[in-house]
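Below: the structure, in structure tokens.
Note that the chains are named A, B, C, D, E and F in the order they appear, and that numbering of residues resets to 1 at the start of each chain.
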């Protein structure tokens, strides 16, 4: 028995604004700075989805990569690509920080993986800022 | 006499929406597709600014890179970083396509270069889509 | 009147073998080395297609990037992606060196660009080896 | 006592075809799609080898990087670089999926590390598709 | 309760020479090779700092990235950027191998993180050579 | 007749200090800032060498890439890799700015290219700072 980690790297482009309904205007400006700009700004997000599982002894694959891509497309990308993240249903009621986005994506995908299990998601907001979630 | 091309690579994050005031709603949707989404989306833009000039015989530099950075910061980045490009003064009245953005940046910078001359600007909207302008 | 260069970056994976019908076995081995291995080897090719043109005054675009992608897909990628380059019709009778591939791609695309003109193609065989063609 | 993870990043170019002897032609085509193309295709593989160990108190190194490189060259790269992976001895009898390749590489290297122990291998088949193996 | 890993990617440029006071000249040359060159050489180091913690329920952030950046600047970068690593106080008495540098950086930062805890540091000396430390 | 541009991408690591013998200490500090630090600092330099020529009608190559690599190794890399650039013969009497380095490399290579001609050299001192020289 052997366990391999399979990672699919995808991307999407979206706008967002960091603003918490639980903070007043001044607090929002102080905490989020330029990210609190009312009209929003945006990013090319890079997302890495890792599935942990045993390769099938016949096919030699943990999962068909085309199938991974189709699930990620359906459960995540179609909802956020070229959208404003403060206005998408998936993120309703959340401040769209990288931390909140990666956790929301995790739970959108977690029960849709037919072979193996979701192990880790890494989200790059920029090449200099990334977050990882492992379901802990 | 020798001519060297000096390139400074910078970046900014911004939102935009592709929508032309000269087209009706349906035309806008047909032409720009998801990029016409009313709430906008966004990108991590990468910008390469190339200055053509003769290195100073004493310092060995076309221009001090710190000085290039300061000029680009003042004339371009401060106006667009973490902003919504459809609402910044620099791009007023322009559809914020990569083509229009790079031309606007060119004219914002062109007369501010103290040594050598602006030769080329390259703007990456995503790692898969870029534009170049040379003042032609 | 203004001229902008629009670049679309695409990729494909393919096998090839460097072997010239005009050389004998020993010459082929001496010239191409490991690249002459009879069973072939392969690469993830990166291809950059640059179109030179005037942005449309209404849309602000040289060409719709989706349209560029569709043309490149139809005229080039569908013929070579996940193929063995010594056996594709597009490259028949050519040693599939990066130099020959990029020239063949150029002539496959040249007359299919509806706005502006093909200006440059860059082909990366590996991140350490690339070729450029400009129709000269 | 301190434990550091040392990673060497290498690369090789190879052809492969995904085809399982335990499946019939139609099943192979359905499961592997274009990757089942009889003539094969290819990739620039990137391989990251991580060794876990205590830095030597005199030299400050877990292992000499030149020595790591020489071992990886001898045990792995010389067998696969510029080869067709369906025809190399190291992978005999295996469908050359990324999952199977990374496991075969692991066992080829595992007992050859003189200081510390092999901790993780990451194999990129393309920049969008990678696998990790940790000997589990 | 949820745990997210937040990573900030920074960089610095520095010179170093690998030379151990506990080895004689010949041993130093044999072990370190070109890296033992008396005048030193240098690198563009890339450093990834990962903090593990629970996102604040109001702000949605493990830590403000600007605050992470300011701490890393003060505790690490200001001491090593554009310096010769064999002559900086932080590394006094250490051979500046990547292994030793990453451990020294770890202990310089470890107690300065106000929210969450330092989880991992990755240091790239070149794109082909990196080390990881997790406080083990 | 067709002209293709062939580019080989190589790298080296070196230390340098920006200091002009024609300026006094204070002028050097003011102009070069941290780069004037007496002990020097360093970089991972990336160098792109482009040769312009007609592919050989039999081999399909402008030049054998292994031959390009050997010439660049002999004429440039062996002199600067893992060295302090203020102390290498090739750069004697020059302030080792990127501008001066790229011009020196040009003239070291220019007459050694057996097929085609040297067209362009690009030198990256960091991923954010590069220079180009074309023999003008």
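In this text, a contact is a pair of C-beta atoms (placed from the backbone, for glycine too) under 8 Å apart; a residue touches a chain by one contact, two chains touch by 3 or more.
Just so we're clear, the structure is a prediction, and the values are computed from it rather than from any experiment.
Participant: Hop across touching chains from chain A and tell me the fewest hops that reach chain F.
Facilitator: Each step joins two touching chains, and the minimum needed here is 2.
Participant: Between C-D, B-F or A-B, which repeats the contact pattern of D-E in over half of its pairs?
Facilitator: The D-E interface is reproduced by B-F.
Participant: Calculate how many whole Å lie between the centre of chain C and the centre of chain E, each centre taken as the average of the chain's C-alpha atoms.
Facilitator: Roughly 41 Å, centre to centre.
Participant: For chain D versus chain F, what separation do you get between their C-alpha means, in angstrom?
Facilitator: 34
Participant: If you average the Cα atoms of chain E and of chain F to get two centres, how far apart are those centres in Å?
Facilitator: Between these chains, centre-to-centre, one finds 29 Å.
Participant: Listing for chain E: what residues touch at least two other chains?
Facilitator: Residue numbers touching two or more other chains: 127.
Participant: If every chain is a node and every touching pair an edge, decide which shape results: line, ring, star, complete or other.
Facilitator: other
Participant: Which of the residues in chain E end up touching chain F in this complex?
Facilitator: Residues in contact with chain F: 11, 13-16, 34-35, 37, 39-44, 81-84, 87, 126-127.
Participant: Mind pulling up the chain F residues that touch chain B in the complex?
Facilitator: 18, 20, 22-23, 31-33, 94-100, 102-103, 127-134, 136
Participant: Flag every residue of chain A that touches chain D in the complex, lowest number first.
Facilitator: Result: residues 2-10, 50, 55, 58-62, 64-66 of chain A touch chain D.
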